[in-house]
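What follows is a pair of complexes built around subunit A, which joins subunit B in one and subunit C in the other.
Coming up: the complex of A and B.
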């Protein structure tokens, strides 16, 4: 039964790595540059594993989640800035994910999109209200594994494997280096998106991890995010093998599902849509909880899904308000796919405010005792901090220069 | 001052997303988009003709693609152009409208394998014609 204990990592990774934005971003990267950007996924995966392991360890040893650390280490003013930026990006992402859930339901049922938005919102509220944290992890984490159909599709599309292999070596063979850089930044931003670590570290506290769970934390981070990265690679290979060859620029969730339908027929299509449905629903729940976790932790409220709704009333009200706000936003007709692309880029700007406090706390012996970062964790942590700062500085200029990735 | 700079930045970004004068670069991009929509429509038509798709997916996705093609048709029909490319831009608009109509047929008859098979060739021809306008 040990395998079921990595559900937190799988949900955080499925919801964080292959949410609606990543699905389109990864396939678009493949459709635009073939396999050239596979190396970026690997760098992103290692980065998120390093920082997730770190914040999971902090949660297990100190019982503190990310925004506890943000408030303590950055002070009120800078911490408030981090909170506001995190909440704005969370709300944008939540809006996009709810739209994504409605699109998937529409692709499965053919019912009107707007009605499905309402159904999606009510369904998410009921699931979050009545289902325990453990079961939320299992249902959406393991349901999202249907996305493995894209790995089968990638193989079935018969890519040139030597070219796939070259994709793991950084290099640039393009006449549009600015667009290439935009995709690099976007893929890194998507891999390291902050709500993954908000959710993951708070999930560790929800599960009441202690020092004995440090091995489980490592397994969660490595297996969960490793799997998320594997799915990202598969999606990019599908993009390169099918859409690049045909000259298609995939811009809809339906286009992504078509990537499984073409090589595998109806069964591939259905598995792809169901997998996407679970992944975007999981991402919606990740972001919904993250928003409530962040505010509650920053303001020192009682929080946690492991408590009864009445045991953490302000936490409960916060996620309900966030859900209503996101439903209102998606009902305006905003395109979920475009919105999430903006969310990914804007979240990249906020990355340092999330990751610096984690690195500081993980090195604080008064919190972590003998479990402080070792040399490897610190070296990787610092290298990735540099990467994060570059991503944060370059994100918005590249968004403007490439006209939101349109070239 | 910072607020105005931010607003200017956003205006610049969104101006690039839609509207404005069509120059050669925009014509190339829009031609590639129409090519993409027609090619994706052909892939979908091919799957429908083989019975490899589902009714609801085919209906909904064809409608999405048709809507995007229709948006291009409407926008390219009236946007001003730089000198020397207006004929190409209007031709692309008509082509996008044709692609939209063909995709609408898939939307309306998502289980009609014969109709889907008959749409494959015209969609491919449209994709080819749009890609020539990109050059």
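Coming up: the complex of A and C.
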């Protein structure tokens, strides 16, 4: 029974891994550079495993979620900057995900986009209000598994597997190294999505994880995110063997779904759209809560979705306000795909501010006792610290130099 | 608790929990007492947006303005224990903490199904 539950949790984690950032960056990377950037996905996925395992462990042993640690280790002033940047990125991401939900609903129903935004917003609010946390995770995680259709599509498209294999070895064959570097940053940013980690660590605290849950934490991080990363690889292979060959630029979410339709027909298209719908809806809910978790943890408010809404009033008001703000932003007609690119790049810039405090706390014996970072966790932790800092410094210059990835 | 404690690392910016385990703010600053040459003594915990003003320059003043003031003084004798949180020996309401949540609660409670 226990193993069954763990397996269900992992399935939900796989389905919940991919969000609009992964969809956009992996498919466009494939459409632009073929399979050349597959190695970056591997680095990104190992990174999210390292980061989330550490956050989960800190949550289990000390009962601290990410922004508790941020406040404590960075102090009020620098911590506030981390909070503000995280919240701005979070709101951009939330806006993009809600836009994505509306686009999927439009593809399925043909109704006008703006009214679907309103419907999406109301639906999200109701689901969040009446559904328990476990069910939210399950519904959207399992629904997101429809995205596995892209793995089938990747095989069906019959790529040249030796070329795919070469993609796992870093190398660059292009006239445009700046654009290549931009995609490296974007793919890492898309894999190392910070809101997922805020959400994950807060969830651990809410579920009152303790030392006995460390195995579950490892399994979730390694298997759940690891297999989730497998979906990212599939998306890039589809991008490389279909979009690049046919010269299609996946500028719209709908064109990403074509990646499943061409090899698999109508049923492929339907599964792809439904998968994207669940993935971006789940991501919208995670993002929404992350924003409320972050603010409440930074300021010391009562927070949590396991208690009744009246148990944490400011937390509740925060996510309601964030939802309204994001809906307003989507209503302006901003392009969700374009906004996603900005959100991913800026999240890469802000990443060190939340990563460093977690790395520090995970090494603090007075909290973590015998569960402090071991040699492996610290070696990987430090390597990724370096990666994250380089990515943060290079992100904005590359955004400008490539004119937001236009080459 | 050991005999000595690093106030900056172990107390300031920690979560406040009241006697019923309710999260009720952060340790935003400490009030110390003691003249020149005397030993300093911690006499109170300070919490609330008004305290940020002195801690973070312009950013702090802006944050204090957004948070609309408020400064709660919690006598040090009301601190029960310091672990990863700072635990208080009284209820938040009795110390003047957690007002923000208490004020909003009636409004949230009006929405159907808010009590589940």
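The criterion applied here is as follows: the second predicted complex is superposed on the first by the 390 of 407 C-alpha atoms of A that agree within 3 Å, B and C clash if a C-alpha of one lies under 4 Å from a C-alpha of the other, contacts with A are read in each partner's own complex, and residues count from 1 in each chain.
Keep this in mind: contacts are C-beta pairs under 8 Å (C-beta built on N, C-alpha and C of every residue); 3 or more make two chains touch, one makes a residue touch a chain.
Quick caveat, the model's predicted, so the values are computed rather than measured.
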Partner chain(s) touched by A:106 [first = subunit B, second = subunit C, both, neither]: first
Partner chain(s) touched by A:262 [first = subunit B, second = subunit C, both, neither]: first
Contacts of A:129 with subunit B and subunit C, given as first, second, both or neither: second
Touched partner set for A:318, first subunit B, second subunit C, both or neither: neither
Subunit B versus subunit C as contact partner of A:63, first or second or both or neither: second
Partner chain(s) touched by A:248 [first = subunit B, second = subunit C, both, neither]: first
Common interface positions of subunit A, toward subunit B and toward subunit C: none
Residues of subunit A that touch subunit C when the two form their complex: 62-64, 68, 71-72, 75-77, 79-81, 129-130, 296, 299-303, 308-310, 312-314, 316-317, 366-367
Residues of subunit A that touch subunit B when the two form their complex: 106-110, 246-252, 254-255, 257-258, 261-262, 265-266, 269-270, 273, 396, 399-400, 403-404, 406-407
Interface residues, subunit C side, partner subunit A - complex: 10, 12-16, 22-26, 28, 47, 52, 55-57, 59-60, 63, 84-85, 98, 100-105, 107-109, 111, 113-116
Subunit B residues within the subunit A interface of the complex: 9, 12-13, 16-17, 29, 32-33, 35-36, 39-40, 43-44, 47, 50-57, 59-61, 64-65, 68, 127, 131
